[in-house]
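In what follows, a single structure is set out as structure tokens and then discussed.
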């Protein structure tokens, strides 16, 4: 991504492990102006990482999510051809998706009570970037 | 989600089974004003449910979708740590995703012929809420 | 989808194989006006195909993605009930998702260095249609 005109806004994420779910909810909320109405679009600029929304309370949930992805998509498989050896991370990125969109009302992310926004690292540790855009919703 | 300023608009869903795909296309279409141009953004406010778009004709398709998710992500697994015991539902929510965006032209959802919008219940029965936003697309 | 008012814009895709990932990045970029700021919303109008973002460099990656989806969701399974026999394609469409949203700044798709936009055919060969919308992001 070329950083043109200062847009999109970016959030920098530093992962510490090979697979890791990093709660970025507070970093996202900090970029939303007061009284803003619309959607917040987040886009992961990488092909071995993703974004998802899931439970923000019990940390065992995200541990279980990563463990289950590992079980579903084992790291080493005889049919994988990609020379870098990280095809499993590419598959996990496809399954989680590169972007999330979150409603915003009166400047606040309109997440459910138990929802947090997670950056999903599948081939870390690395420095990662998430693009953030704010798209307004006109008054009805 | 705090209900501030009457936005986002919400759609209430009552699931009747533990796993269930509920066609909400008509409920969504009813919220779209005449002549509206843009996207309709739907956001599931829960972490054990999701939203997806799939076949609206043969009900066997959504039966097969749920059965295949059950096969891929069995409910009980020795590695799951989350105390509530519903980690499989959290995984399924991650795989389907929390939001869908649908094109709208002249006030009508621009779905393909065979497409319907489904609320995906993975840990019901429960009362659920979907947030709806309308983001305009200016004339080209 | 009814083609009303010339919107959404559409991109036509012709798949050549039963399962295939087709890089549509250039076709999408060609629809984005100069100096445009916002998001580009792409929506797949089919229930046995999807859209995803993944590596644009080594073609072995998308080969591995398709092979892994085939391993995860085998084509023939005794529990599938749908009479058309293509339930696996419907499952894959659910796992990849029907839409992607990409940031745009100064008229250019703001993809990461290794990212391309792919149409994912899961039950081809067929003629397919992707709807494209441009939603502006006002200056901050």
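So that you can tell them apart, the chains are marked A, B and C in the order they are listed, and the count of residues begins at 1 in each.
FYI, a contact is a pair of C-beta atoms (placed from the backbone, for glycine too) under 8 Å apart; a residue touches a chain by one contact, two chains touch by 3 or more.
Nothing here was measured: the structure is a model prediction, and the numbers come from that model.
Comparing the residue numbers each copy contributes, subunit B and subunit C share less than half of them at their mutual interface. Seen as a C-alpha superposition, subunit A sits on subunit B after a turn of 120°, to the nearest 5.
For this pair, subunit B with subunit C, the centres built from the Cα atoms lie 19 Å apart.
Among the residues of subunit C, those in touch with two or more other chains are 72, 95, 97, 101, 135-136. Residues 37-39, 52-55, 58, 60-61, 63-65, 67-69, 71-72, 95-97, 100-103, 105-106, 108, 110-115, 135-138, 140 of subunit A are the ones touching subunit B in the complex. Of all residues in subunit A, those touching subunit C in their complex are 1-2, 4-9, 41, 43-47, 72-73, 77, 79-84, 87-88, 90-91, 93-95, 97-99, 101, 129, 131, 133-136.
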